[in-house]
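Paired with chain B in one complex and with chain C in the other, chain A is shared by the two complexes that follow.
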Partner chain A sequence: MNDLHLEATSRTPAVALDTGAGTLMMTGESYPEDVTGFFATLTGALSSFFDSGAESLNTEIRLTYFNSSSARALMELLELLDDAAAKGAKVNVSWYCDPDDDITREFAEDIAADVSNASVTILDLDVE
Partner chain B sequence: MSNKIELIVARLEALLSSETPDPDSLRETAEALLSQFQRQSRQLDRLVKLSDANAEKLTKSNTALSSLTRNLARFVPETVVDALMKSGDEQLAGTQRRQLTVFFSDIVDFTGMTEKLEPEQLARLMMDYFSEMNRLCARWGGTLDQFIGDAIVIFFGAPKSKGAQTDACNAVGMALEMQERLKALRVKWAGEGLSPPLHVRMGLSTGYATVGNFGSDSRLHYTAIGNTVNAAARIQGLANADSILIDADTQALVQDSTSCRRGDSVTLRGRQHPVQLYEVSADQTARSQEFVVGSGDGFRLFLDSAILSDKQAALSLLREAVRQLEEQDDQAS
Partner chain C sequence: MEFDRFFKFSQLLLKDEFVLSYSGYVSEDILLAVGDTLRERLEDHARDGAQIRNVFSIFVELMQNIIRYGVEGPQPGPEDGEKPSFGIVMVAENETNMDVIAGNYVTVDEANQLVDRVTQLQTKSPEELRKMYRERLRSSPDERSKGASLGLIEIARRSTLPISCEVMPAHNGLRFFMIKATV
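What follows is the complex of A and B.
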């Protein structure tokens, strides 16, 4: 079980999984050239985090833009978190959306509706 | 296909391969598969919706970018905007030494004109004047460096060059068309009650200059710096109203296509050696009947009878040339 820290690039968000504190942060924009590879790193780290018996995870998603491939990867990520919650972990997801971006907000709300075990809260992102 | 679906499908296949599958397990697996199918279907709908929304955002961004580009071209030379759009950031970096033909124009007695016109009239006149000159600059492929008060600075040869000769020819062609257009504009302005006649002096110089983006990190100006630019300004100062004065380097590049009259040889301020100046003939169409030009292996001919000063010397040279050619022709036959 290792921490994961990925610096933000022009195409990928910053990712910080702190296994000790039980937190996951995703911040920035997401349209990676290799979507599968990028998200596989994250889902791999999360799987080993939960497999090691982690009891809780607080996740913050602050994405100002993500493309369709990233959206699909995010849905799979939420599914993974929901499955972990179904097995007993306490999983909270705070998804921050641009208040002026109705489409992204609707997308987040739609995904949240499919999550039955983890807690997903949609919040306003501070856009400067 | 997600791992979850793969597992359900594998389970279903295993059940179906059995001769007597357990009905409850079969039902449970089919329901799980249906649930996953419905979830996938919802996800597909979301992705399509998101994809459309992103495409819409992109369209809006493109529209904004097009508008920005159009507006940018009003503040930055079109040739520079084109170069920036095609090449990106590298065009913003550094400066280059390039051969340019620099055009400099100035309105004769502009100060006197400002005293005779109301500010609104002056603003209208200048807007008209600068717009027309800018349009001609773009048409001939010049880079509008800047307006300095009533003066206009344009250069040819950067950021893109069509070759020194074409650049010089385009610069002179533009200047000629500007003077022609000013004649028409003066008639139009007089009709609008703007009586002070607007006459312009133009000067052109060809040579090397440092060209590129000068300024600070936050504010750059694409411009040319060097003796050639100063020379163009000083040559313009020596030109008569409504005329175009060029230096010898420019004349050498345009002589095959443009009629010029040899003018004075002057020592420009800041220069050690005198510069031979030429006045571009205003009426280039009239000279076409008096203009003979041609070249090939072993010969080169340039005759502009409109500006010919020593007709006898020219005739003598031509007769000698004809005699030699005829003699060789006779020997061959």
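What follows is the complex of A and C.
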């Protein structure tokens, strides 16, 4: 299993999957031109991480903006994490939302409500 | 372009405080470039961070709708093999709010469908829009051709007034579809 490190671009978030530490960080903005391709890289890396018998993953999502196509991809990412948790992995997600952005927070709440095995906590993002 | 037409154009734009307008072929590269400029302008014009985010978010969804569903404009598009979508996007500031308006050419069928979908969203409360968004998010790819797209619902949710639209006849039997959100 391999770590995954993607630098942030103007349209994609920084992604850091540290398989040794069992952590995943997503930071920045997400409105990729090729949303399917971008998220496929991440879900591919996560699938092999869990297939190799990983026992736990702590995820931090700090996205200040994402478009509606990314919203669907994020939901699918959370489904993947929930499936891994259903198979026995300990999966925590800390989802940081801008306190001014009701719609993003509602989105995170709605996604969290459909996640039954992973633990999702919604927190306030520190904004400058 | 004659000076008198150019002058008329300049006079049209004097009535409102324009934050930004773009007219021409729309691509993902244009979206990024115009979007960056829009955010810089909004820093000077917007009342707070929430307004910047909502205007920018509506702008992105409108531009991506044009890229995905728009058709060629009256002039032939660039010959680089890509399907050119022609569109106009404008962010205008009035006394209290910002309007985000987009217009693009679509077929008659698409225009009718879009009007139905916008009309359907106009009467929904924020809570109903949230529910629609959630259901839409979980819809299968087959179901996605029916009903309002996730992007359109996102626009309706981030608009503080109900979204509105209008259709005008255009060249080659096409329609010019216009949609407005207000933040």
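Just so it is clear, the second predicted complex is superposed on the first by the 128 of 128 C-alpha atoms of A that agree within 3 Å, B and C clash if a C-alpha of one lies under 4 Å from a C-alpha of the other, contacts with A are read in each partner's own complex, and residues count from 1 in each chain.
By definition in this document, contacts are C-beta pairs under 8 Å (C-beta built on N, C-alpha and C of every residue); 3 or more make two chains touch, one makes a residue touch a chain.
Predicted model only: the values in this text are computed from it and were never measured.
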Item to complete: In the overlay, answer first, second, both or neither for which of chain B and chain C A:68 touches.
Response: both
Worksheet item: Where does A:10 make contact in the superposed view: on chain B (first), on chain C (second), on both, or on neither?
Response: second
Practice prompt. Applying the touch criterion given at the start, work out whether A:103 contacts chain B, chain C, both or neither, answering first, second, both or neither.
Written response: both
Worksheet item: When the two structures are overlaid on chain A, which partner does A:33 contact: first (chain B), second (chain C), both, or neither?
Response: second
Worksheet item: Of chain B and chain C, which one touches more of chain A's residues?
Response: C
Worksheet entry | Residues of chain A that lie at the interface with chain B and also at the interface with chain C | 67-68, 71-72, 75, 103, 106-107, 110, 114
Worksheet entry | In the complex, chain A residues that touch chain B | 67-68, 71-72, 75-76, 79, 103-104, 106-107, 110-111, 114
Fill in: Parts of chain C lying in touch with chain A, wherever the complex brings them together
28, 32, 36, 48-50, 53, 56-57, 60-61, 64, 130, 133-134, 137-138, 149-151, 153-154, 157-158
Worksheet item: Considering the complex alone, what residue numbers of chain A touch chain C?
Response: 10-11, 31, 33, 65, 67-69, 71-72, 75, 98, 100-101, 103, 106-107, 110, 114, 127
Worksheet, complete the sentence: Per the touch rule above, chain B residues touching chain A in the complex are 2, 4, 39, 42-43, 46-47, 49-51, 53-54
